[in-house]
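Once you scroll down, you'll see the structures, which are given as structure tokens.
What follows is subunit A paired twice: with subunit B in the first complex and subunit C in the second.
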Partner chain A sequence: MEFFLIFDPELASRIIFWGLIIGIIYSLLALGLNIIFGVMKVVNFAHGEIMITGAYLTFFISSFFSINPLFTIPITMLVIGLIGMGIERTFFRPIKGTSKLNEIFISIALILIIQNILAQTILEVNKEIKPVRITTPYTYSFAEFGSFRLPYDYLIILVAAFLFLALFYTIIIKTSFGRRLRATSQNRNAAELMGINVERIDMISFGIGTSLAAMAGSFLGIITHFDVYSGTLPAIKAFAIIILGGLGSIPGAIIGGLILGLAENFAAVILGGAWKDAIAFLILSIVLILKPSGIFGKE
Partner chain B sequence: MRSSNAITKTTAIIIAVIVIIAAIATGIYFYLGTTSVSPTAKEIPTGIKIGLLTHVTGPASPTGLDILRGFQLAVEEINAQGGVYVKEFDKKLPLIPIIEDQQSDQQQTINAASRLVNQHKVDIIVGGFGSAFIYAAQPVIAQSQTPYVITGVSTPRVVTRTDIDVSWFVLYQATGPEHGASIALILAEAVKPAVAPNRNLRVAIIYQDSPFGQDFFEGINKTTNEKNLPLTFVYIGKFKVGETDFRALLSAAAAAKPDVIVPIGFIAETINSIKQGVNELGLKKIWGPVCVCVEDVNYYKNLGKEGDYSLIQTYFGPYHSHPSVRDKLKNFINKFKERWGVLPGSQGLSVYDAVYIAAKAIEIAGSLDKTKIRDTLRSMTIDQLLTPVPGGKIHFGSKGQQGFDLYGVQLRWDENVKELRPKIIWPSSIAETRFEVPPDFQSGE
Partner chain C sequence: MNKKFTKVQIIVIALILILPFIFPDPYYLQLFSMILMFSIYAISWNILAYSGQVSLGHAAFLGIGAYSSVLLVKNLGLPVLATIFIGPLFAALIGLGLGLLVLRLREWFLSMVTFGFSVIVQAIVVDDRMRFLTDGWNGLFAKPFVSSLFPYHQLLNYYIIAIITIVVYISSSLIFNSRLGYALRAIEENETLAKISGINATYYKVIAFTISTYLAGLSGAIYVHGITLFVSPEIFNIQNSFWPLIFTLAGGIKTTEGPILGAFLIWLAWTELSRIASYYALIGVGILLVIIIVFAPKGLYSLIFKIISNIRGKQT
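So, the complex of A and B:
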């Protein structure tokens, strides 16, 4: 019975809208992860925790200083980007080139360190770790299209995220910095021989990746409640997305995120909520069987 | 020629003497140990080890901390009275609390239970939160033969399963099917007459895809069928544990044109689903009755105006109580707030009661013998404590479960405190007011 519900045009359009919202957040998160992996070839499992740190930072800055959270997001991105650069310099650079196992354990350690720091801090402030949500001046404002109600927050997130991704893509493709970053990503040794300071590129790309995660976290915090532990699952999905879209591919991360967001919402209605998370890995398996390098990956 | 490895005659004699002395000493030890030490000389323990299973860390820690606070308060109160009188030792023994962290994880719950029974060798266990977690930890506890008063679990399977000896467990909690039954009755008896007097009430249910959600749903379904209640289920959907995005599911529920949407989940899931439905989808429906597991001050605070006119099926809340326990509860709430600076939740209350039940069982058993405590837990009948129970008496009996007196509340926005506040609307015997239909309600028909 549930399957036929999607032929209701109003319901289908609603599901597509909600799918695009969560999809664009996945895209931002996956893109950050992809930049870090593409340049440094480092698998950062703590990416989800960095995302949640960004969400909390936006929440606290906007709450304490009574600033519109949407204006706080650039500050959050800058702060988290700098923290990200610090993490690269402190944790990942010393082990670069050693065993992959070291990178994995460092990122798992970071998950626990970040979660515990956040939990302790929040416990000090609130006495308990309850889920919170970022509210904006538009939280209770909507654009009505017949019976279809679109919250302004979501429209702002959708437009802002697409504009940002377009700008980001242009910077990576058109600017000198973008070329250096892509060169390091494609052939690290050759880039170094051409005079590119690859270590600096590593640090900057880690900063960019984490600031993208902070942006994703802030948007996530606007559309739903979150707590210290909310970052783990989105990070796992972000890994699936970058493999689905093609490792190192920027369009792959964006399209992969949107596909996942749409698939999750349709799966929840047609197959039931239990399939919502599983669908990511089902799609991933199908894509890998048909095209092992991912949708936009090079053979 | 003698081998260099061969033992000498003298060495052999020495070894033989040592072996004989050791054998005699062992024999004397066991002889004295089993026959010569009189019961009166038995060592008196320094206290009664009472173990608590709860989530101190992880996503379930907000509820886990409520449980911890309820437990500690009860232990402190009993110890302030000198402890529990144990006839076997003819003296009052203090409770020695031993807390183990479930860490919001199934394997960690098993480890925590194992530490309680194998390392600390507790006399009795109370608490625990999460049906799946406790179900998984039960075999370890059953094997150690330690009595356990389970509180934060709604599945009746913890006392009906047949793969382990469940006589060591009693469940002090209304079960999922009992909760489900009361949800169906609130809808049929309180909501339906006001909303759809001339037709069946159109109900959409979205429930957590877990044994907890399944039990609730089955309770609603079974009661509706058995009692032929005037309810029509127009949409039934499931969501995963920990879900935060209900928009697609609620869109599908709304397409089925319900009068009422019943989300069955934990506190964060319930808040998210109602807020998203009201704010983002603009659904002008009746919400609930939702699960008693949302009963926490944060629910009243965080749900906000979106929760106006919504319903909870419950047995205790920070801002309401059953008339039969109201005075005692006021005292408890004041003490809890004074001790911890926050109001108690339903789980904190249950475990508070459970500590007193455990203490009473030990006192009646007059012994720390675990088999005697187990048998007493099942056979004793005591007055209800702070949680209202049918008939006002707690008696686990052979089925090992004590249900609660459930009732329904409707929440209304209070401008003075800028939070939601409840009024009892069901059953009629204790109702403070009648169910009110929201002014902007859109009928499902």
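So, the complex of A and C:
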């Protein structure tokens, strides 16, 4: 029975490690979505496409100038953040307040636009469209722990992501900008009355959310192959995470992401590969059916 | 029912019936069959949206209807024209169950659970333990409505789909103007108020879920028996869950003609532009969708009516 395989320490540690690394990517995605949702109450289904745009940008910058991709990630984040602000301004602001469904509609249109712009660009640059992977100087080197080989890249990503998340959390909690962002998220009208330019906060928070997605995408590209279409489902899973972890909650998004990463990898081994994508929604459905307002929701 | 309403219905029905004479090419027959199938699918989504329940996983029921119908033909040898109506009953049964489970969920949460449901159903269909029935990712062949040995089989195929579409279209407008429709509208506006007025919200919401999932299953069965002649787990893909939302919102949500108008215009633009085989064309479709929703936030159908009434207003 496959179930007993997880008691094998080597396999279990491999699953846990792989789960954590995927989990940190989900955390970054969910965190970005949650910032946007918290401030604007908008769900951007095209978040995954923005993530993949970030992955391709890191891929092209690092391979074109042959720089270590880990150093190009900040550039990618800055560029994608600016693009994100532009997206908020041109796509989401004109339909703000019409209806929730129109927001879903426009983000689906955005999926279509971004995917095909990416596909066209890649076709022109690379002459063919096939899954690519970002290579780092350490792609083929491993840290050996007995029979367990650990790629250096994974360690670097884990450390970098946790350091970044700690810094990010401090900025949101301690700085005046963070306070303005949280105020808008808690009560938009009151924040506006206190002299906060909420429209600017909207735009900036969208930029922050998309740059977090760009970081997630760059990490994804380092650990696995990706193509134009591999962003859609992870972004919707990230939305499931923020429903479970609490809408607007930063620790909820981070911990939820890590748990999902672990759950997916255990599900793939225990239930079979087909269940990897379904497990997030299975957990979500069970929790919501038992407690319709979510784990941290108020009745 | 007022008189103006019936005029629109006659135009829609007449257009559906005479299209093959305007475009007799088999390519267009296939394209219009596809559009009619998508119209039923969008109408089914619209009925659910009418009660304020937004599904992002209707592909689950599209697929369940399709698979049930194909399996009934394959294993029990029933005629296709019967299974396309019996198969969706299974989709409706599952829809009824899901409708009961998600009753208490708020809008976003409901959308996510329905979305997840389509992913879960796909996982079940491709699971190794279901392989004996569904053959996993390989999929199954579906028997056509009309054998290709038959003369004019494409035309016959089109008219079978056309008649079902017309029946579904008329039923949906009857539903919207019935006690059920008014109840659903009241629930969508304000559920608490509707309950106070003596409307059994639970009952009507579950009824809407069941009717909607039956029609989604029906469109799935038509899709595989009338158009692709093949069903695979790809039917549960995200795009198939997004299409009815795109069609309905572009055409006009909560109108009977909106889903048909949206399916017609968007799918026509999509396929005709895809034929140019360039990614630019699909970027164009995306931009078109953005323009539609920014300039006609209530859909194209209401925009057309606004234009007509403006012209009339100037004349008098």
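Heads up, the rule we're going with is that the second predicted complex is superposed on the first by the 288 of 299 C-alpha atoms of A that agree within 3 Å, B and C clash if a C-alpha of one lies under 4 Å from a C-alpha of the other, contacts with A are read in each partner's own complex, and residues count from 1 in each chain.
Note that in this section contacts are C-beta pairs under 8 Å (C-beta built on N, C-alpha and C of every residue); 3 or more make two chains touch, one makes a residue touch a chain.
Values in this document were obtained by computation on a predicted structure and should not be read as measured data.
Enquirer: Taking subunit A as the common reference, can subunit B and subunit C both be placed on it without clashing, or not? Answer clash or fit.
Expert: Partners clash after overlay.
Enquirer: If you stack the two complexes on chain A, which partner ends up touching A:100: first (subunit B), second (subunit C), both, or neither?
Expert: second
Enquirer: Touch test for A:10: subunit B only (first), subunit C only (second), both, or neither?
Expert: The first partner, subunit B, only.
Enquirer: Touch test for A:277: subunit B only (first), subunit C only (second), both, or neither?
Expert: both
Enquirer: Is A:285 touching the first partner subunit B, the second partner subunit C, both, or neither of them?
Expert: Only subunit C is touched by A:285; subunit B is not.
Enquirer: In the overlaid three-chain picture, which partner chain does A:89 touch, first (subunit B) or second (subunit C), both, or neither?
Expert: It touches nothing on subunit B or subunit C.
Enquirer: So, does A:139 touch the first partner subunit B, the second partner subunit C, both, or neither?
Expert: Touch partner of A:139: subunit B, not subunit C.
Enquirer: Who does A:224 touch here: subunit B (first), subunit C (second), both, or neither?
Expert: first
Enquirer: Should A:119 be classified as contacting the first partner (subunit B), the second (subunit C), both, or neither?
Expert: both
Enquirer: Pick the subunit C stretch that clashes with subunit B in the superposition, from 63-71, 189-197, 225-233 or 243-251.
Expert: 225-233
Enquirer: Residue overlap on subunit A between the subunit B contact set and the subunit C contact set?
Expert: 119, 233, 272, 274, 277
Enquirer: Would you mind writing out the residues of subunit C in touch with subunit A in their complex?
Expert: 49, 54, 56, 101-102, 104-109, 111-113, 115-117, 119-120, 122-123, 126-128, 238, 242, 245-246, 249-250, 253, 278-280, 282-283, 285-287, 289-290, 293-294, 297
Enquirer: What residues on subunit A touch subunit C, complex-wise?
Expert: Against subunit C, subunit A makes touches at 43, 91, 94-95, 98-102, 104-106, 108-113, 115-117, 119-120, 123, 232-233, 236, 239-240, 243, 272, 274-275, 277-278, 280-282, 284-285, 288-289, 292-294.
Enquirer: Hey, which residues of subunit A end up touching subunit B in the complex?
Expert: That would be residues 2, 5, 8, 10-11, 14-15, 18-19, 22, 119, 127-131, 139-140, 142, 144, 147, 149, 151, 154, 223-227, 229-230, 233, 264-266, 268-269, 272-274, 276-277 of subunit A.
Enquirer: What part of subunit B is in contact with subunit A in the complex they form?
Expert: Result: residues 57-59, 61-62, 65, 104, 209, 237-240, 242-245, 247-249, 251-252, 255, 268, 271-272, 276, 279-282, 298, 302, 341-342 of subunit B touch subunit A.
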